[in-house]
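Read through the structures below before going on.
Next come two complexes built around subunit A: one with subunit B, the other with subunit C.
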Partner chain A sequence: MSSDLSPIPPEAEPRLPAPGSRAGRAARWLLARYPVWPIVEHLAEKRVPRHRHSAWYAMGGIVLFFFSVQVVTGILLMVYYDPGQPWQSVQRIVMEIPYGALVRSIHHWAANLMILAIFLHLFSTFFLKAYRPPRELTWVTGLVLAGLAMAFGFSGYLLPWDELSFFATRVGISEIEKAPLVGGFLADLVRGGPDVTVATINRFYPLHVVVLPLLILGLIGAHLTFVQVQGVSEPDSFRALPPEQRKYHKFFGEFLVAEIPVWLALGVLLVALAALAPRALDPEANPAASAPEGIKPEWYFLSQYQALKLFPGSLELLGQALLGLVPLAMVAVPFWDRSIPADARGRLATRLGIAGLAGLVAMTLWGWLS
Partner chain B sequence: MNYPVWDVPVLGAGLVVAIIAVFHVLVSHFAIGGGAFLFAAEWWAGRLVRSGRPEDGLRVRGFLHRYATFFLVFTTVFGAMTGVGIWFAIALASPEGTSLLIHQFVFAWATEWVVFLVELSLLYLYYYGWKHNRREDQVFLAGAYFVVSWFSLFIINGILSFMLTPGGWTIENRDLAAAFFNPSYWPSLVLRTVTMGLIGGIGGILVAGRMDPGDPLKARVVRFSAAFVVPAAFLVPLLFAWYWSTLPEGTVQMVQEGVAGLGGGRLTAITRHLVLAGVAGSAVMAGVLVAVFRPRVVTTGAAVALLLMVQMGLMGAEFFREMARKPYVLHGTLYSNSLWRRDVDAGPSVLKAPFLQRARWHPAVEEMSPEHGEWVFRLQCASCHTREGYRDIASRTAPWTPEFAFQWFETMHEPGVMPPFQGSAEDRAALAAWLLNLHGRTLDGRDVLRAAEKAANPAPPPAADPLLPREAQP
Partner chain C sequence: MTAKEGCVDEGTTGRRGFLALLGGLTAAWLAAAAWPVFRYLSPRPPPDPFAGEGKALVKGIAAAEVARPGQGANGSYGGRGVVVFRTPDGQLRAFDSKCTHAGCNVQFQGDRIYCNCHGGTYDLEGRNVAGPPPRPLTPLQVTAEGESLYVSPVSS
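Here is the complex of A and B:
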């Protein structure tokens, strides 16, 4: 008999299913080969604090749900999408393929709702001050994930190659081009030349379906591992309670199970949006034509787009520098605001966060209405 | 065209009705299914008392009082508001159709109002007699409430199903029995009854969601409520198949074509909404099964998610039912823009007569002017289309040319989604000009007529010039 099998830890025995049952045999078979009982025990102990802001803990799971929808619908769209004939293949998807228009619309709406959910997750994490030590890297990986999600949106938007997607992408890349020193180089690199052409699709498509998924999957793995290892953060008001008043849900078996109906409802919401407001396919892009009136970037880029308009002419560089500071400041927050419970810096960070959120909403609305 | 037009910008009159109606359907179905729940839970509490567990019975009644409070507020306040709202909105959006229904079903509606009065009286007697009535009286009141409220469904279902499948009724015979007990009446009645039970159970899970996870009653209440939902969720697809078998052939065909996207379908929205109803129903089932297996972890958020799924599923089902009538508001008799089928059957002498001369509610306009076209739009199209909002006309006509528009109005009814155009060539030209002017052009009806004539009679090719070589000939 092999002696390389690991013994079952004695503390595991009472918590495993009965040895005679099928589940019990399978659990012991696995534990003998993969001695991960300490990890299982750690996860089983994971808990979520119960307080009046607990609902915000669900946002991460909601983002993950929308991401899963994107993966499934994205794979289905890839079956019929042809980067050599982008518009024609999308037209075929919406006109000929059974449920193709529905799948495409769900992909569109899930992308938008995922980014909205990311914003909600980000700001709720910020205002609950969950970024403070020891969770700095969870915060930083979350910020990078948000950036990758927006890159997903930007690269996917062009792929149908219709009028709207073409001109909106052209507007978006022209903003990159304005960046000092490297702007022109970056824009050419992204476009594959001096203008948006089919060569741009040849860059955006592999970026959208290979490069970004690899990056995002790796980072999601890291982000979730950090959350599992460190557990869920508790807000100051909860920590201040006497221990007997602090109540918790178990993460697995309680909190996660209660989230399932919410995910199901969001899945139904996606179908409802696809039924009420299906994503249209505009006429094929004609690079020689003049841009239709009112072309703007997608809503999640509108605040930056509108903010840059406040810095016309020679002030443009200043505007870009200030906008560039925003992500840097967000990365720096957990290394600057470290005190638990919150001190003067913590209170200032909250006020700055409120101002940032108000600015984001105001600029987005302004950009949308103007 | 005997009534003024209710021109609602962005939303359109039809969508206003739909928004109110979709919410009203949830409330009204809950008002009946919740009645069954009240009766069953009263019986359950009584059985616990009789079987020697009075404390458990009291605790179930405590839950039931919370349920009844939510039920009373939700169904009477929102039910009354949306019910009156529907009357107000449909009378404005489709006065001709509303008038027809009132005249056809005046006795049924009078009965319905009496039933409402009795239903509300019973509910108030039940709720406000909570402390004073004997328990047997409460059980009786809950049961009586359910029976009377179900009778309101018995009546309204005849009117709703009549609009899609009038059966042996015709505008000439006005046969009330044929209209009321029309082909889809019974499947629709059973389908709605089962759906109501499902919603009553979801209401129970919603109220139980607020109970503390440590309360041992929570799991029992959640499972009791789920017993209303799970069998119903299994039955609904079977009952829908029965309902489906009674639908007009054109509706069935339209749904099947919608599967293959815009190219294959004439009206893919109907298919999309049916898919929504199916997905929502399956998701509700899955969500409730989660609640059955882990009842103590059902939170208010999870229960609200279940209720929202039901609401979205009802939205899909009701949109499907409304679209299934297209292009009619009363199938085979009255089109959605108040054009009578008999006027179409009467032939061109009626259908192609100058339109504004037959319509009463419009200002004097110069013939073939843009205003003429706008009033044709308001009176014929605005019951379904807006300028730039829901089902907007602007994006649909963006690639149009004058000659295409003029010709399209002549044939738009042929695929079976739009009603026929009413009016003369001048009316068509005026409408075409107004629509094209939405895209920055400055045409009037005469320009459109000239373009259409030119397209119909292209100039003959120039004659060959015997002095030119063959390759230079035109």
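Here is the complex of A and C:
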């Protein structure tokens, strides 16, 4: 009868809870059925290097925290959101449902802070040079995740069907339309017709609540598995230390325990932001009305918006092509800058990264102020 | 547990206290989030169908359909089901059509009110007389005004 059960590995015995205790019995019951002790041991040994840039290691966890908030508040919004009556149902959530305005505003603020945290995670990973071999695919999956997060932002923005969301979506999709050859077809496919209508909501809604979540959950799984298998990267300055000077935090038990209070505080921050700056619901979209004054994209699309303004008229295609090169260049970075410790190429990558970050911030500010 | 090489091993008592505080804070955080979520998900009570005039229009049945003894029909009032019929001696009657057993809508069958789901049977007074229903049907006051029927609560 017990022949198919796995024996408990001898090295596991001293580290498991006492055999007589409830936890000890449960652990042995599980290990006899799922002999995953090597994985448990691997995770227990996971450690985070201690150095003056260690705080950046928390950014990925902060992104995950905001993502979890989005899952919970998103499911709650789905309970009352009706794609057949988009604006009316959002108005009902805000005006009638207890705490509905709070749930909606938290969903809005957590989305924005998640994108911000993704940018911080991306640039800290870049400047700590954590993308170099063997972590190329962690970097690439991270870039795709950032793209998915922006797709979440774009598709979710339309759903309230107010003036701002209508025109932002119309303008955003018109950028697709300008692409040569397939642009018109793709734009019609995304819109569900030649213009943004309620039919577009019937496309964006399943995209926002089914397709993108499935994709992002799968990719988050891959991204995190890569990190667990390879461990946290160590910057060159840390690797250069003699072994006795390299200090670590255990991930489970030390680093994670220190990150939980940060998450709790961010949860309080979300409630405070939602209370002090609740997300407004503008008048219902009227496809025949003129666009409101001073309309601009969300801040995370401002840099592209401003950059495209620099290529007026027939030059716009050139601008789009150049903007399209940015993500391609970012994907290529770990396959070009591979040397540990950094060589001349690595130092050039850092300088290019600083230039890129400065350009991104400058373009965003310029777009915001203009 | 043995301290890993290079890992910092802190005192266990301070650590235990910190973990307890952290656990308490996390529990308080989750509890604070649970109340808004509970209130958000709690359904609003449905509107009173008799609010305003004290009576509700019956939809789906015209007065002519229940003008003669032995005639009956199913309709709705304020989003709920109603069965209206005229008894063999000419009285107009109405009951909330939700069967008291499992919630199917009952049907007028001349000499009885019958539920097709599990064979629940009521007499023309709405009393449960056979089958599984545990309680009588909820009676309603019905009045005809021109071609329209109205129901109102039975004053007890």
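Here, the second predicted complex is superposed on the first by the 369 of 370 C-alpha atoms of A that agree within 3 Å, B and C clash if a C-alpha of one lies under 4 Å from a C-alpha of the other, contacts with A are read in each partner's own complex, and residues count from 1 in each chain.
Going forward, a residue touches a chain if its C-beta (ideal position, glycine included) is under 8 Å from a C-beta of that chain, and two chains touch if they have at least 3 such contacts.
The structure presented is a predicted model; accordingly, all values stated were derived computationally and were not measured.
When both complexes are superposed on subunit A, subunit B and subunit C occupy overlapping space and clash. When the two structures are aligned on the shared chain, A:58 is found in touch with subunit B, with no touch to subunit C.
In the superposition on chain A, contact of A:272 is made with subunit B only, not with subunit C. Once the two complexes are overlaid on the shared chain, A:332 sits clear of subunit B and of subunit C alike. By the touch criterion defined above, A:182 lies against neither subunit B nor subunit C after alignment on the C-alpha atoms of chain A. By the document's definition of touching, both partners, subunit B and subunit C, reach A:257. When the shared chain is aligned, no partner comes close enough to touch A:362: not subunit B, not subunit C. Judged by the touch definition given at the top, the superposed model places A:102 against both subunit B and subunit C. In the superposition on chain A, contact is made by A:15 with subunit C only, not with subunit B.
Contact with subunit B, but none with subunit C, is seen for A:94 once the two complexes are overlaid on the shared chain.
Stretch 291-299 of subunit B is the one among 183-191, 291-299 or 309-317 that clashes with subunit C after the shared chain A is superposed. Shared contact residues of subunit A, touching subunit B in one structure and subunit C in the other: 96-100, 102, 249, 254, 257, 260-261, 264, 267-268. For subunit B in complex with subunit A, the touching residues are 213, 259-264, 268-269, 272-273, 275-276, 279-280, 283-284, 286-287, 290-291, 294, 297-299, 301-303, 305-306, 308-309, 312-313, 315-316, 319, 395, 399.
Only residues 15, 45, 47, 50, 72, 76, 79, 96-100, 102-103, 243-244, 246-250, 254, 257, 260-261, 264, 267-268 of subunit A touch subunit C when the two sit together in their complex.
Subunit C makes touch with subunit A in their complex at residues 1, 4, 6-8, 18-19, 22, 25-26, 29, 33, 36-37, 39-42, 44. Of all residues in subunit A, only 55, 58, 93-102, 249, 253-255, 257-262, 264-265, 267-269, 271-272, 274-275, 278, 280, 283 touch subunit B in the complex they form.
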